[in-house]
Amino acid sequence: MINAIPVLIMILIVPLLIYFTIKWLSSFNIFTLTVKRWVFPVYTVILIVAFGLSFFLPLDVGSNESGIQRFDKEKVPNLYIIPQALGSVDLLKDYKVQEWVIPYDGDVFGIDTQGEEYINNIGYERKAEADGQIEATFYVTPYVIDNLDMTTDFMPEMQVTMQDDTLVVKTPTPIRHNISVLQKEFPIRQFAADGWLEGLKEEQSFRVVDEVSSDEAQPQWINVDNDRIFSTELLYLKIPANMEVKLDGEHHIFQVFPD
Amino acid sequence: MNVIETTGLTKTYRRMNAVDDFTVTINDNTITGVIGRNGAGKTTLLKMLAGLIKETSGDVRVFHEHPFNSLYASANSILIDDQMLFPEALTLSELLAQGARFYPGWDEAFAQQLFDYFSFEPKQIHEHLSKGKKSTFNMIFGLATRCALTIFDEPTTGMDAAVRKDMYRVLLKDYLAHPRTILISSHHLEEVEHILENILLIDDGTLHLHKSVEELKEYAVRLTGPTALLGQWLYNKDVLHKKQHSSDMMEVVVKRDFPLEQAERMGFHVTPVAPSDVCIYLTAKSEGGIDDVFK
Amino acid sequence: MSLNKVTTRQIVMKQYQYKLKAYYQVFNSMVILQVIALLFSTGGIMFRGGRGFGLDISLNTYTADMIIIFTFLWAFINAITITTKAYREDDFIFVTNRQTQHLSNMLFLITASVIGGVTAVLVGYLNDIIFFFTTDPKTFAGYSELITPFDVLTGVVATSLYVLMFCAAGYLVGVIIQLNRIFTVIIPVLIIGFLIVGGQTEGIPVNVRIYLFYVGETDVLLFMLKSLVTSALIFAGSFFLLRNKEVRV
């Protein structure tokens, strides 16, 4: 019933308001006969000019300064599961964000994360050789809303350094990322947008709940849920053959064994 | 050809018969005055003829068609009254242009001449005209349509005397030049009498009489004489009006259905009665007149 | 005395042309309403937030739906207006009967719907351009969905058909009010009652079903069929009610 109240207001009050506004406006004789005849033609010309101009402005996603891109894949790898499940990170190269090569000659090191973000998903594999270099790679899958990639290329940088026998991961202070998008009016979206009816039903909260998120058969993939794809992170380390990672109670650190 | 035929035509508003069992036939190319007091049912009758309102019972034919929802009747008839609403968005000259588009017989030159003669401005809006000016414009519009049936309901409301006289002259001249069937309603017969051929007298929604003006002039006579003598003589005569001049002199208006010499022989003073007075006497609510109220 | 024969077709076309001229001010009120709607649509309609790594995301979606809604209201109100005494009686100064009057009104409303539909979609572009120039370019991402020219064309047709349905509905309401003034009270009461009762029924409420029937239709051809049949039925009903309406009473 709460749903109906704004509708009632729309139906009853707004037309009245508009009706009286028009009455009130037309009660002034500011509109001479000539003005009255030219209002509509002038308006039409303005509209046509605006329509034409819209083709020359960077109004499409990807064409303007904001740098937002469309994300067209239906699913992204779940970084929490992929490395263990597949025993490899080769698949993840599209989602690589930063990498570091850190020389270290000890045989064991611990991991410490500092800063406002927290990385809890740390995997490592042992390289075949003992070259005294830790290769760290940071992967993040994008946060997608309405097929728009909201994160890739916008993430602040993170720092990974070795201090004594501790790999220090300095996470960035989150920055605010405001984006404005335009949608065409609903009679256009009605026939053009995917999942229009489902969206409507959801808006009216009568959607039959069917789980679209975790596909039981393939948990390593994240599907679009509710027009969104949630972000996952992975810090992946390749450590020399002779080295050990000190496990701690704070981080989820796991070893990956490539085939 | 009969332009208008009604039989038992009745229109009821809230159980009151505004027009009651009205049967009349009007020929083409006549000019008829529809006379009656205010509220007699003139307007209701005319609106039914124009197809604006629908009869409650009985039958009405205009050009042999039922005028309510007949395009044929609408194209050949028009009702001019002071309730006509013209669109506010159009200027007077645009209204005339629209008239020309809709009415095949429209006389543009005639309309334009009268428009100029009565000094209308082309850019004026009908709504902003004075009452008299509105009536004048409406009459010009009605005449210019040259509709085979042109109906005027109290067309001169609000006009000043000079314009009123002019308009009736225009009406008569135009009628003579382009004969058609014209109905004019008025509660002042004397005002229109000189242009009328026939008179339709309505009272209380019923037809009282439908005669030519000539016949109406002969319809009644006024007799003046001693009260005693005249009163006795009036036995089985049709008395329309009675007035006591003094205690022994009386004036009566009687229907003229006897040889006039009869009355003259009795020594009564015989004078003719104007048609407009006949109408007033015929539709008077009670015998006597307003004077009786003060007795 | 000469009598003139006229055909329904001739008179309907004459009345239609006359109405385009005489009812011209309805397009001025449309301009006013759409401009008001343009001012109203500056607020975002949807805000969504999220947390990515190192990012506090907020996505504001803007749409000129308000312009469409206002155009619907305009259509509804103006259709009521042309059933009022002043407009209905205009016709009877010229040659008419109730059938030609109704047909020419319908033609006029169809024309108004097309004009309303086309302008509403075009004002959307004006809205987008204004938005483009008034928004920080760093945050402006543009159209979130891919819209092809064909989609826009479909949108114009659909908007016009929506507007036509609102015209038809307004016309019917106007006609009912002309039959008896009491309906100015009864109709709003019925609508409220309908929404309340509709909201209490089992499952999906009737009003939502109606909404989904039109707005939820994603097949253009089916939508055209639905909206045209709806409008035609409503117009037919209006004519049926008004066929014996007297004028200048």
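We call the chains A, B and C, going by the order they appear; numbering starts again at 1 in every chain.
As a convention for this text, contacts are C-beta pairs under 8 Å (C-beta built on N, C-alpha and C of every residue); 3 or more make two chains touch, one makes a residue touch a chain.
From a predicted model like this one, the values you see are computed outputs, not experimental measurements.
For this structure, the chains sharing the highest number of C-beta contacts are A-C.
Ranked by how close its C-alpha mean sits to the mean of all protein C-alpha atoms, the top chain is C. Centroids built from CA atoms put chain C at 48 Å from chain B. Centre-to-centre separation of chain A and chain B, using mean CA positions: 84 Å. Averaged Cα coordinates give chain A a centre that lies 37 Å from the centre of chain C. Among the residues of chain C, those in touch with two or more other chains are 24-25. Within the complex, the chain B residues that touch chain C are 28-29, 47, 51-54, 63, 68-72, 74-76, 78-79, 81, 83-90, 94, 98-99, 101-105, 141, 148, 179-181.
Of all the residues in chain C, the ones that touch chain B in their complex are 1-8, 11, 14, 17-18, 21-25, 85-87, 89-90, 92-100, 243-244, 246-249. Partner chain A is touched in their complex by these residues of chain C: 24-25, 27-33, 36, 44, 48, 50-65, 67-70, 73-74, 76-77, 119-126, 128-129, 131-132, 135, 137-148, 151-152, 154-155, 158-159, 162, 188, 191-192, 195-196, 198-200, 204, 207-208, 211-212, 215-220, 223.
Across the interface of their complex, chain C is touched by residues 1, 3-4, 7-8, 10-12, 14-15, 18-19, 21-22, 25-26, 31, 36-37, 39-40, 43-44, 46-48, 50-51, 53-54, 57-66, 68, 70, 117, 140, 142-143, 145-148, 150-151, 154-156, 158, 171-193, 196-197, 200-201, 204, 206, 228, 230-231, 233 of chain A.
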